[in-house]
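Okay, so subunit A shows up in both of these, paired with subunit B first and subunit C after.
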Partner chain A sequence: MWLYVIKRLLQGIITVWFIATATFFAMHNVPGDPLLNDRAVTEAIRANLEARYGLDQPIGTQYLLYLRNLSRGDFGISFTQENREVNDIIREHFPVSAILGILAVVFAAAGGVLFGALTAIYRNRLPDYIIMFLVILGISVPSFVVAALSQLMLVTLNSAVGTTVLPVAGWGTILHMLVPAMVLGLGTMAYLTRLMRSSMLEVISSDFVRTAKSKGVPPARIFAKHQLRNAILPVITVLGPAIAAITTGGFVVELVFAIPGLGRFFVQAVQQLDYTVIMGTTVFYGAFLVFMVIVVDVLYGFIDPRVRLE
Partner chain B sequence: MSRASLANEAALVLLEVENLAVEFDTYGGIVKAVRGVNFTVDHGKTLAIVGESGCGKSVTVQSMMGLIPMPPGHITSGSARLRGTEVLGRNSIDGKEIRGAEIGMIFQDPMTSLNPTMMIGDQIAEPLQVHKGYGYRQAFDEAVRLLEMSKIPEASKRARQYPFEFSGGMLQRAMIAMAISCKPSILIADEPTTALDVTIQAQILDLMQDLQHETGMAIILITHDLGVVARMADDVAVMYAGKIVEHGSVDDVFYRSAHPYTVGLKEAMPTNDPTRQHELHPIEGSPPDLFAPPPGCGYCARCPFAMQICDTRESPDFFLKEQHFSRCWLHHEDSPSKPDDLYFKGREA
Partner chain C sequence: MNEASTTSITTDDSFTSSAGKQLGLYTLYALLGLVAIIYMLSVAAGNTGSNVSGGAVNVERNSITITLREEPPQLDAGRATDASSFVVLAHVMEGLISYDDNDQLIPGVAERWEIREDGATFWLRDDAMWSDGQPVTAHDFEFAWKRVLDPATAAEYSFIMYSIKNAEAINQGDLPKEMLAVTATTDRILDIEFERPTPYFDKLAAFNTYFPLREDFFESTNGRYGSDADMMLYNGPYVVAEWVHGSTMLWTKNPYYWSDEKGFLDEIVTAYITQDVNAKLNLFKDGQIVDTHLVAPMLPTAMEQRWQIDRVMDGSVFFLEFNHREGRISDNLNFRKALQLAQDSSELVYKVLKEASYLPAESLFPVWIQGVEDVFRKEYPAPEHQMNLARAREHLEMARQELDLGEFPPIIFLSGDTPVSLLAAEYYQQLYKQNLGLEIRIDAQIFKQRLAKMTSGDFDIVLAGWSPDYFDALTFGDLFASWNLNNRGRYNSEEMDRHIRIAQSELDPRKRMDAFGEIQRLAYDDVVIIPMYERGWSFVVDPRLKGFKRRSVGPETDYNYAYIDVSGN
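What follows is the complex of A and B.
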């Protein structure tokens, strides 16, 4: 088991190195450079800046320098924000994105498993039809629309009650987090509901559930001990990528709800060709995704004994 | 069980199924899967139900256990009485649950019939927890003992393993241990050896017989293997197209077969007896469409002895002796050909 974890971690490090290398060369092949923005920069200043950031070196040397800094966990200094280290940006803003993301994932997983199991049990009856209609809606409506609509509802709610029940935007307390997390997790929840439904349907008609019935096990216990645990496996599999996708994909929701998350810096950096910030956030997100997939795979082994031996 | 209560219960027939009929609503119409089945099972005896795929063997027993999904299935008529008490449509008799406690059941494919994410011991312990209110520890210890009884070596280690770590034969042993955990009065075995190879098959059948001697339970054995029937059964019910066409003791059904379908099955079975060199004769044709079963005998279209009346009117049960009947017009006193003709046809051909 531990050998398996170590093996997976080593594979993960190699994957992160690939991501870092690909990002580096992609960045340097994009036309333009970070010093070419609208402010007038004289030749002398430009030469100074290039020397400061190492941009006058040949690309091979830059790459090696970059890798050396990376291995020490140093992502460098931002090109566009004065005297700000990329590490500081991540340290300040990633926790916000992570908390929002984790809340969203918890919401998505709990809702997906619950609604998926419900639709399977009430197959082809009213609860199934209603939930599956909402699922299609959740998958097809983009998150900025849902975000805007939910803000509108919050405003209406607050003005109807006469006091701020839930804040419309901003960050700070748990109350600020609830609605954005739900909006952020909605698409994933819809997807997980569908996944859970189909795997639950398969389990419901399986031989071992029939065996459990023939043993006289009551339905609630069959659901908890036989159906849920087997039906949840495909959901766990996609949970790892889903966590990473939600945490990194929160940009739109962060913007609409004015949340100081990392997503905004990521997008800004691409627009301004801020090499270090782009590479720093990309590599960081990449490493996060790889780590999450490993965590979920290890978790999978605890739920499904068949995976443990491999 | 005390000697006195055993004597009391012996007076009643253990299980009596009367005129049981089961239908399924499908998109294509109503399938009449079981069309009036009667049989009885006595204490400590083995009844084999034989017949080809789709003849309603499994549906018959699953409807007794309440394992038929309803809808689409429904029991249209009949009754099944355990010691005189109706079991159809109820979960328990005198506080003892039918499923798992009164009747245990094992299935055809042990590989898929056990929960892949649950330890074997836990799965065997589960009926004890549910029906007898055992605590987890107590139930698990009992599960280990049951595994030992089912002749699984290193039972305490094996109980902590998962189904994927067991072979097919071992899984079927574990299934049997699970089914008999609450000492049921009837064990239903739905093609228990079909998915296993021949040596394992023999071991499983031996195990079932040993356990029957130890516990005195009755066995209902569903199979399409006449070899298994000959080895295990006291009584045999031959089913065809949702009905029992012949019923009797194993000797009567095998040596004094009284229905053309039973004879056809025997002709189609290989033998290793060198004095009886015969070719295998398959039964030509296929079973009737159960969406619209024929008004007469279901076997009529395939029967070499079919008469005009077979096509239009269904035969009653003709009793050849007290416990041996055949549902075939050949036994009517006006029949032109005699039932004895059945036996010599195959050997002469």
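What follows is the complex of A and C.
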């Protein structure tokens, strides 16, 4: 078991190194010059700026320097946020994305399992049709549309009530999070519902359920012990990557609801060619994703009796 | 299960209902769990942001809530270059000179000044204080300016100080910064020698880069000056009391500020940092922020709500800039003339862009620039332009012969990737295809790449713009000087340079404005650029807030003179 975890962690480190290397060279090959700005600068100033960010070194040296700093956990200073270290940016803004993401995942998982089970139990009946219709909507409508619409609904709600029931945007209290988290988790919820439904249907028609029924096990117990518990496994499999995707993919929601998450910095950095922030956030997100996959794989050993970690 | 359902439907139904009940029970558990998780998360979130917003206008606290376009990269005035930082700095810092609510120069830290042919002297007031209670002295300006010009600081706006003697040489690394001809003769007197006569130095001195900085405090921040609320000293009407990065800022009244004609509010809360104009509109509708700007599709909503919509020019001018480098098709005057004669900027603005606050541009100089006594564009009207396709085609034919071309190759049209740029680029593509039979190839690029291509000259025409730094015609007038690094099309003409030299140094205001008139004419006759539009804002303000101002030069939003008035007038 521990051997397995260590092996996976080592593999993970290699994956992250690969991500870092690929990003580094891809980024340096993106056309455009990160040091150019609205107002042109003289040669002397440019040389100083290049020296500040180490861009005066050959690319190979830059890469080695970068790896050395990376191994110490130092991502450098941002190009656009000139007095802030990338580590500070991640430290201050990732928790926001994470909190929003966790809530969104909780919404998505709870809703996905609930609605998936519901549609399977009531398959080909009204609840099934309604929920599956909503699922198609949830998967196909892009999040910026949902985000903008739900914000408009909040404005309407507040003006109808006459006071601010739920804030329209911003960050700080639980009331600020509810709607953005739901919007953020909606796509995943829809996906999980479908997954749960098909996995549930498979379990319902399986031999062990039939055996349990013929043995006269109470229906509630069959549902809970035999059906739900087995059907939920595929959902847990995708939950790990989903957590990473949601926590890191909230850019649109963060923008619309003016939430100070990391997603905004990540996207802006790419637009502004902010090398250090691009590298920092990509490697951080990459490592986070790899880590979540490992966690899920290890958890599997506890949940699924058929899996033994070696 | 399929077989089961065919044999006994009744048991299946009862199974469904009991499974449904079980599911209901789980839902209840899940909800309870959810509440617990939400509670824990809200505790955790308390550490990541503080939303102190109390609505758009809070009469009891004498405070207002506003938005910022983006997180200020840092608030070091000497190095700041972006609109958000300029907005914050305009409220928490003050230079020697400042602007009143009517865009007229008024005393700032300096109570009076004198600008001579060879230099200037500023007499500082004795009641101007830093936010720690110490007086603002002439030494603080001397230190700040020398630091800006020190090449190690790498300040992008250092060029704005080049009229001070030795400034450029210091900035290029040819002279030590101690050689800068700025001397704090006493704590109260600042003496400056010019490199060349600079009659508009008072306007320059109002700019952010000229703001003071106290040496002992700067040294104590260890290179992190301006990165946090406690990493700065303030001398403006407000101070930054709190700065949660990327999230909120709180500005409070500066008790040490000397004047009672600015800073009437106790608190200004920047509770939201967003560029999303729809989100801002929703916040405004919900009564959370005091002002927002509007884009064309929002105007019907705004009118439905019976809001008072104001308009103001944002100061910038957008134009098609030609690549004047040798060997380029766009270096040919007849070619440029043809393109000039085949277009009309009012069609672009009124029929294509359809932004009510935009004006068709007719000149390099925008409509609000001041002349000698009146507005510059009244004293020196823009060259009259008439679209004339017959003449355009004649010029194109002449160009074809001069360039010895069988047919024109595709014209590279460099553009940004914003919706407005793309709309304009496509308009010109179609226009020139239709009117002149030219093939335009649009090269849409992200901001940094567009700049890179402009700098290296990889274009024939670029969709460019310029926004003013200071309240003088020269902020536009010297753009096409052969030595100006921002002249990215490399326009090079002795006549233009001669007029610009006069505009820079002439002390007689009339002769100086004449030079600007010549620059305006030459920019048209030589088709240096084709003006497109002057950008403006439509905006709405909470009726309880008075004295709010959007400016063409300086901070885009200015709350320095704003106050709350609930009397309903």
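FYI, the second predicted complex is superposed on the first by the 308 of 310 C-alpha atoms of A that agree within 3 Å, B and C clash if a C-alpha of one lies under 4 Å from a C-alpha of the other, contacts with A are read in each partner's own complex, and residues count from 1 in each chain.
Everything below uses one rule, namely that contacts are C-beta pairs under 8 Å (C-beta built on N, C-alpha and C of every residue); 3 or more make two chains touch, one makes a residue touch a chain.
Just so you know, these numbers come straight off a predicted model, no measurement behind them.
Once the two complexes are laid over each other on the shared chain, residue contacts for A:S198 go to neither subunit B nor subunit C.
In the superposed model, A:N230 makes contact with subunit B only, not with subunit C.
Residue contacts after overlaying the shared chain place A:A117 against subunit C, while subunit B stays out of touching range. Look at A:T173: by the touch rule set out above, it reaches subunit C but stays clear of subunit B.
Of the two partner chains, neither subunit B nor subunit C is touched by A:Q62.
Of the two partner chains, subunit C is the only one that A:L49 touches; subunit B does not reach it. When the two complexes are overlaid on their common chain A, residue A:T21 makes contact with neither subunit B nor subunit C.
Of the two partner chains, subunit C is the only one touched by A:N158; subunit B is not. By the touch criterion stated above, A:G32 is placed in contact with subunit C alone, subunit B being left untouched. For subunit A, the partner touching the most residues, choosing from subunit B and subunit C, is C.
When the two complexes are superposed on chain A, the residues of subunit A that touch both subunit B and subunit C are 210, 213, 218. Residue ranges of subunit B in contact with subunit A, taken from their complex: 65-67, 91, 97-101, 104-105, 107, 109, 112-118, 126-127, 130-131, 162, 164, 175, 178-179.
In the complex of the two chains, the subunit A residues touching subunit B come out as 206-208, 210-218, 221, 225-226, 229-230, 303-306. Only residues 31-34, 36-45, 47-49, 52, 78, 80-84, 88-89, 92-93, 95-96, 99, 102-103, 106-107, 110, 114, 117-118, 121-122, 148, 151-152, 154-155, 158-159, 164, 167-174, 176-178, 204-205, 209-210, 213, 218-220, 222-224, 227-228, 255-258, 260, 264-265, 268, 271-273 of subunit A touch subunit C when the two sit together in their complex. Those residues of subunit C lying in contact with subunit A across their complex are 1-2, 4, 14-16, 18-23, 26-27, 30, 33-34, 37-39, 41-42, 44-53, 55, 67, 70-71, 73-74, 76, 79, 81, 151-159, 171-173, 223-227, 231, 244-248, 271-276, 278-279, 282-283, 285-288, 445-449, 451-452, 455, 485-486, 488.
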